[in-house]
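The structures come next, written out as structure tokens.
Two complexes follow with chain A in common, the first pairing it with chain B and the second with chain C.
Up next, the complex of A and B:
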């Protein structure tokens, strides 16, 4: 099941050339860019690990592509996303965030029903991948 | 040159018969504008300008060849600029970035100036991220490393400079499409630097050496600077300045155009001082004119160095 998070996620995965253009768009707006990765695909997981440092004062997308490639090499089977921050509002505000790498197979989510008081049910989802500890998911 | 003449035939069986319009390629790149600007705005530097013209022609031809798939390897563009202080290395590097951008060899054409401090860290593990950050900033443009020989300190074998050098060499080799590295510094020390780092020498395609300016050229530079700042010399002050130059050139730490610029800054200071002391009502022209006295007050005329404390 393809995880759909962030911008463009309902489109086919972006090619490198398309990623380069999107990053170029961020830089042309003066947004600092960073690269983050995780192997916890839950939609409410907002604590992705940062790859290297946030990148300020860049002019050309090549530098970001360089870091994306380095991150892909280190974590070929993780989710990797690129964030563009708009700093002009006085706080770090994500303006554009899109996935640039995903595991080869995404097992999807299990629906968990919890029987609560009376006849009510609580629903939640849990990724099949997160049964394994962090770093050992998507190892195939 | 008429149009028929400019169309050349390339003797290659695969593309035989294809015509190449060099005039059009030249016009499209707007390269002549930059080169003419270079000629007009930079005094002297004859050999450097000739060399830049040659490089620009080479790159333009190289691009035409690429369009006709006559070449596969992208050309190596890394350069070294050697010359004494104040001979225009940084200024030319800026123009070079512009030229490379117009010819499509770098995407943005910005110049990032770095020295040892920007590249080399203070402790273990500090150098790589620092160098990487500068390199990333320079991507799509030109990385200008001033006084590059400071990167290499043979007297300290644990110096982190070596790490920066290795990273730079790797980038110069693997990311040739993304950035152009220009190493700059004084001639003699750059020579020893290249001798001890043969990797750099072989990765650099163009070595440009910047000659010292002649006194005549320095005077022309001074005129240019003065008129750019809306000041002007009169006959007496022009004479005084040329005497000043003759004395200053013989003194230590003479830095060509930079010394001229500093001298003009101090002359402006003295002129302002004189005007304030003098007071009263003066014509507009008085604010622009540099008096001989403003120049002759310099300590250089008493055989000392002209510095900030000279007044």
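Up next, the complex of A and C:
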């Protein structure tokens, strides 16, 4: 399967040039960009690890590309996403978020159904990869 | 017409409303006043100023005759004041009347109380042939007495973990007749194929062919299956509309207990019920979708009823998170200029007067959260560039037929829409002129995405090119080059 979180997951993987253009779009809007990575792609995992601080005050997409490359080198088999953040009053939230790196193989998620009263079910979505401890997932 | 003097104002009998004090051409509206704009069509021979004063009177303190008990109150304060009457451009016999209402005329935080005055008696008034409520301005102090959207655009996106693109939805079709199990099949296919949401339609509640609990159980199985298959948060708007508040709470609680991120109600449940559901939704971390069922009975014709932008304002105050607000290019009514006015009303922190968009007042929204507009009805993947251009990013694009009617199946239909959307957002962000190049951008993507190719082929000639009935009275004058 393919985890389709993020803005462009239904497109072929973005090339570096395409990533640079999206980063440029963020910067031209005045949105600081940050890079995050994880090996726990649960849909409600809100806190991926931050690759250093959000890059405030940057105007050059090349500097962001440098950080993306460094993160990919350190975590070649993790999910890595790039976020643009809009600090405008009344927004103050992520304004663009797209995946720029993913594990070679994505085993996906198990749906666990716990039978409850009546015909109700309590659902749990669990990543197969997270059966292993953090840092030891997606090794092959 | 001049106001009556103190001595003759309270002579028993009938007196023109304008003379009773409901017309004050020199009145300067206070920041704390609620302002309205009505389109008035007076009966033959009725003076437009008297008609405006009558509307002010009947929507505030007046009755048809002088009453001495006015003198027991600070009646000058409680009288609504018509303060400006303009002929409507290019519309003989119609007038725009501006009326100011003191804040103390209204109970805090109650749409029902507000509307009981503003649209209560006055629309049946004999001296006017037709009447339409065009716009309202609410003071910040009054807005602060409303909860506003239970969730709002920002928090909804954070909960869904979806940023930087419109959301995608589809209404399950056929809207009536499917069993619960078959219904859930449509939900599963559409969500797995790439949509973020599916939706019950306005008239699916609990009918003989599918009782509500069955629908909820199968729909949530589908939602969770799709979520596990994609790693994304998915949702299905479970319609909780029912005969009584107790029934609606019961259904909403069941939806919540099954883990649904969203429920929906229809506009026909009424303003008070909507406010109750908005409070419930805030308390239970559930997004509240509103289907505007019924609105066209009073919002579509230009001379009578009320403009949909007023419904947008009331619903933002009442506290819904989603509202259907037009598509521009689809099968339902929607002039682009008017739709922009609706969308701005729902999504902006403040809006300035914009006559061509039908916004007659400056409006500061006092940090009330923003409502996500929903574009639904006769739209398809081939229009993605136009949809993104006209409607922007904070919108749910709902392709019902445009998903379920896909020749390769529902999943393929959903994938076609998602790919068309992502490729268009990507092109926009890259600085391309996506409106002009839209068809070409879609064609390029169709080369590697066969569902998109089939969608473009199937619906290439579909347009709904009819004149809108609700159009701007003020068209911007083109600036000569």
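In this text, the second predicted complex is superposed on the first by the 135 of 140 C-alpha atoms of A that agree within 3 Å, B and C clash if a C-alpha of one lies under 4 Å from a C-alpha of the other, contacts with A are read in each partner's own complex, and residues count from 1 in each chain.
The rule is simple: a contact is a pair of C-beta atoms (placed from the backbone, for glycine too) under 8 Å apart; a residue touches a chain by one contact, two chains touch by 3 or more.
None of these values were measured; they are calculated from a predicted model.
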| item | value |
| --- | --- |
| Side-by-side fit of chain B and chain C on chain A, or clash | fit |
| Which superposed partner A:58 touches (first chain B, second chain C, both, neither) | first |
| Touched partner set for A:66, first chain B, second chain C, both or neither | first |
| Touching partner for A:1 - first (chain B), second (chain C), both, neither | second |
| Which of chain B and chain C A:97 touches, first, second, both or neither | second |
| Superposition-derived angle with apex at the Cα centre of chain A and sides reaching chain B and chain C, degrees in steps of 10 | 100 |
| Touched chain A residues, chain B compared with chain C | C |
| Three-chain overlay, closest Cα atoms of chain B and chain C, distance in Å | 16 |
| Chain B and chain C contact sites that coincide on chain A, given as residue numbers | none |
| Chain A - residues contacting chain B, complex | 52-53, 55, 57-63, 66-67 |
| Residues of chain B that touch chain A when the two form their complex | 107-108, 110, 129, 133, 135-137, 139-141, 175, 177-179 |
| Complex contact set, residues of chain C against chain A | 154, 157-158, 161, 163-165, 194, 213, 217, 220-221, 224-225, 227-233, 257-259, 349, 367, 370, 415, 418-419, 422-423, 425-426, 429-431, 445, 448 |
| In the complex with chain C, residue positions of chain A that touch it | 1, 3-5, 7-12, 18, 21-22, 25, 41-44, 46, 83-84, 89-98, 108-111, 118-123, 125 |
